[in-house]
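Scroll down for the structure; my scribbles are underneath it.
Chain naming follows the written order as A, B and C, and within any one chain the residues start at number 1.
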Amino acid sequence: MSETIAVIGGGPAGLEAARGVAELGGTAVLVEKESFLGGTPIRERYAALTPHFQSAEEAMGVLIDGVTSQPTAEVLLEHEVTACEGEAPDFRLTVTGPGGERVIECGSIIVATGFEHFDPGRETQLYGYYEHPDVLALQDLESMLKDHNVVRPSTGLPPERICFVQCVGSRDRHIGNEYCSKVCCGVASKEAIEVRQQLPGCKVFIFYIDMRMYGYWENQIYWPAQEEHHVQYIKGIITEVLKKGDKLLVRGEDTTMGRPMEVAMDMVILSVGMEPSKGTRAMAGILGIEPNKYGFINAANPPLDTVSTSRRGIFACGASLGPADLEDCASSGGAAAMKALAFLRRKPVKVG
Amino acid sequence: MTMTDDRSAFYKNTNVAGFDDVPFEEKERLFGLVKADMRFPDYLYGCYECGICVAACPSARFYDFSPRRIAQAAGREDVELVYQQMQEDVWECSQCFSCVRCPRGNNPGGVITVMREVAVKEGLVSAREALEGYSRIIYKIMSTGTQVSPDMLQPDAFPDWGPEVKDVSDNLDLWRRALPPETHHTTSTGWDVDEKTLLELYLIWFHTGALDMIAEVDEGLHMILQEVMEERLEDAGVEV
Amino acid sequence: MPIPVEALLKKKEHFERGPDDPRSEDFHHELFELEEQGEWIVHRAPEPWVGVTTKYGNIKKIPKAHLWHHKSCGQCGHIPGYSTSIFWVMRKLGYDYNDPRDQTSCTAWNYYASATSNAGAQAAVAMRNFAAAYESGYFPLIHCGTSYGHYKEVREELMKHPELRAQVRDIMGKLGKQMVMPEEIVHYSEWFYAMRHEIAALQTRDMSGIAATVHPACHYYKLVEGDAIYDPDVYRGQRTAIVTGVAEALGAEVRNYSTWFDCCGFGFRHILVQRDFTRSFATLRKIERMKEEADPDVVLTHDTGCVTTLDKSQFAAMAHGKNVGVPVMSEAQFAALAMGAHPYRVCQLHWHSADYRPLLEKMGIDWQAAWAEFQEDLKKLESGERKFSTWDDVG
């Protein structure tokens, strides 16, 4: 029987899943819509990864080599899944690419189409991302950090005061994203440390509702950010950003005093949350698997089975399931590979 | 601890700087009334204590007032704190509803609206004191269907609004007749309201219990209003 | 500038909401469903109407004509040039309307100030007015920002709570009135926005030298925030386009200031009996900031409370040496002036407090001659030659 497993999406989770399938002796076909592998960390030009500060390119490079070095892993770049027919273990997955259409016959499918960053224009609070050049999002700053060129877009000069605003697009009943995006507290703190390293004269502030520093992140990121790098953490989220002169005024509550406060900043970085990517939304429809109410793929048997979907033989991993950090991607990628292959190898149960 | 039916002992003393304390059960009861309001579940979910509401609030800049504390007290069912807030805090809110920016979907201004109504209905002295000086306005809106009529622009009522107030009051009749909209030639109301419309308004006040709420705020005012309304309804042959 | 920054700025130029925003769900479905269930009649927006976009990308119908003017007590009472200008502009554009006597105030001022009312009374007052409009055959146009916000709130409560509908139906029954909910709750400033190009086409005075700051009313865009006008060409769709759209269409220069989202400080009861709060807020947070940062010739807003607060708070503040002294008016009065309206006969600026005369001079209006003309009108009224000024008398 064919042990071909289609992995849709070549980001960290998909790469780990494809490598896992191949290492275990199956055949992986990795379908990626971009012309490169590595997913969002590469496309958005992430600088260093959270929490260990390794270069995104190096880390993804390791994962990519892990796949491309496998003889039983095939990579299809610039290809998108456009149709799916049949039932497990006989799926016929149509993919379309620059050369035209091709049908992949596979026994099971792993969805790893990931997330996209929340668009700050949809935020309930009044941050003016589309009005003020100096209001940016986390991934915008990543790109500047990577180039060692953190400057105010309005002047081209380095900022003297920069602040992060947490929970943008997450944890909000109006927007409908009633979840925490898990990584933004860690990522913002990591970026804060990097700013302090690249611009020692710049004051860095983080305005937050709660500081979500799960597990070892507490001591890997949060404590050093405060203790070594003197990032200022202020409990009290920002609601408005307005222009005053050539600065930005941010407005929040000084919860130590219990009073409204407004302070001037040179740059405001919005810690945007995760939403399902267009690919994730599309796969739910094309593959006929249930999304949850946020549009992420629904893990059908939580909490102990984190990768099975509502359809036999189709699994999901990484941020296509919901907010995920890199460890989640690696873990769920591996779990999906294991389950997708085990599904095919299971002896059929005799009935009667 | 038994609760006496006669609550008036706690509400008679009008000569206070602060407010009278009442038994815990009374505070629970008052909070229970707030919680039981039809709108309350729409107005209060959980609270992040994030401060967005305070940051957006104009009253928080001027008074020692915090919509966050309102939401937190109600959320925690801290009936002592809610009782305190019902005396003073709730009257500091400017009802601008900037606080509905709350990411949890709370409406602290809405919670305050409900708390105020309970304070008024239950005859709290602090409510009466807060609404002192407001009786004229209540009378005008309830009996004429418009508010802040032209003839209320008197220089001794609004000395800080500028010398134009005196000009208006000196020339009121003339200036009103100089307004082209046909409905605006009034001085004791904002515009000319039909008699039938007023009777419909009175019936609304009667049937919804809004008129009765005034009895707790200003007994004299309530009496006058009731008389005026009943008389006009009777004249028109309408039964209440 | 290095490439990444340019790329970032390019990315931030254009905001596209996308199809998956749950807030784009249209409440009208529920309105019509309730109509099918027999809960109420939905008063359809009459043709012709203009479609405008609201915050989450839905279309709102703004009828051009056959409007029932739901007047504002504060406007008609204290700043009657505001409502007069609304009628005047509508007449000039040639659209028919009804100025009813069968209309009560929304009573929200009392409700929010004194809480001597309740959800049932407020809903009944609203529905009584809507029914009266329906009976007249004209479609309600709400003059006051607070009435508008309050009625949007009432609509939500009625949609959500069948027991409230039942209570109001019972009362409407006693009044011999039907349960009617308008298809849209339309604010007059939304009509002005929808008509801004028709208004500009009739413009006779040049506003290009006038700098304005805009104060958007809290109750317009913060209550039921999805039902408010947003325009990708105004503030890139990030702030409500109301008032600004009209000012820009008239050629005025709209300037920014750092307390744009702040409340004016009206506070309902506060402006009448606790004016130190209102005055402090209006002058320190709004007027002073506007003057300091934008130095406008006029402050434009679109709500009764806001005009009153921002205008009347300046006099006493001036005595305390505050940086105030800028005229305040509605965009309706501003549009009327742009269309050649008489500053006193129509815009009734003599009811305002902050000095508007430098503004009129900048607009090329000889206010002394205009005042003399108005005085002539008053003489005629005094002598009995005229009983009232009519629309024919004011030009």
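Rule of thumb we're sticking to: a residue touches a chain if its C-beta (ideal position, glycine included) is under 8 Å from a C-beta of that chain, and two chains touch if they have at least 3 such contacts.
A quick note: this is a predicted structure, and the numbers were derived from the prediction, not measured.
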Please identify which chain has its centre, taken as the mean of its CA atoms, farthest from the centre of chain B. A
Chain nearest the overall Cα centroid: C
Comparing A-B against B-C, which pair counts more contacting C-beta pairs? B-C
Here the gap between chain A and chain C, centre to centre from mean Cα coordinates and rounded to Å, is 44
Find the geometric centre of each of chain B and chain C from their Cα atoms only, then give the gap between the two centres in Å, rounded to an integer. 23
Centroid spacing, where centroids are CA-atom means, of chain A and chain B in whole angstrom: 50
By the touch definition above, chain C meets two or more other chains at residues 261
Of all residues in chain A, which are in touch with two or more distinct other chains? 174, 240
Two or more other chains are touched by the chain B residues 56, 61, 101
Contacting residues of chain A [partner chain C, same complex]: 45, 119, 121-122, 126, 128-131, 133, 136, 140, 143-144, 147, 149, 151, 153, 156, 174-176, 240, 242-245, 249, 281, 295
Using the touch definition up top, name the residues of chain B that touch chain C in the complex. 37-39, 42, 56, 58-59, 61-63, 91-92, 94-98, 100-101, 113, 116-117, 119-120, 127, 130-134, 137-138, 141-142, 145-150, 152-153, 158, 160-164, 167-168, 171, 174-185, 189-194, 196-198, 200-201, 203-205, 207-210, 213-214, 217
Residues of chain C touching chain B in their complex? 71-78, 80, 83-84, 87-88, 99-105, 107, 109-121, 124-125, 128, 132, 149, 157, 160-161, 163-164, 167, 170-171, 174-175, 177, 218-219, 222-223, 225, 261-263, 265-270, 272-273, 275, 277, 279-281, 285, 312, 314-316, 345-346, 348, 350-353, 374, 377-378, 381-382, 387-391, 393-394
Hey, which residues of chain A end up touching chain B in the complex? 124-125, 167, 171-174, 209-210, 236-240, 251-253, 255, 258-261
Sites on chain B touched by chain A in the complex: 45, 48-52, 54-57, 60-61, 66, 68-69, 101, 103-105
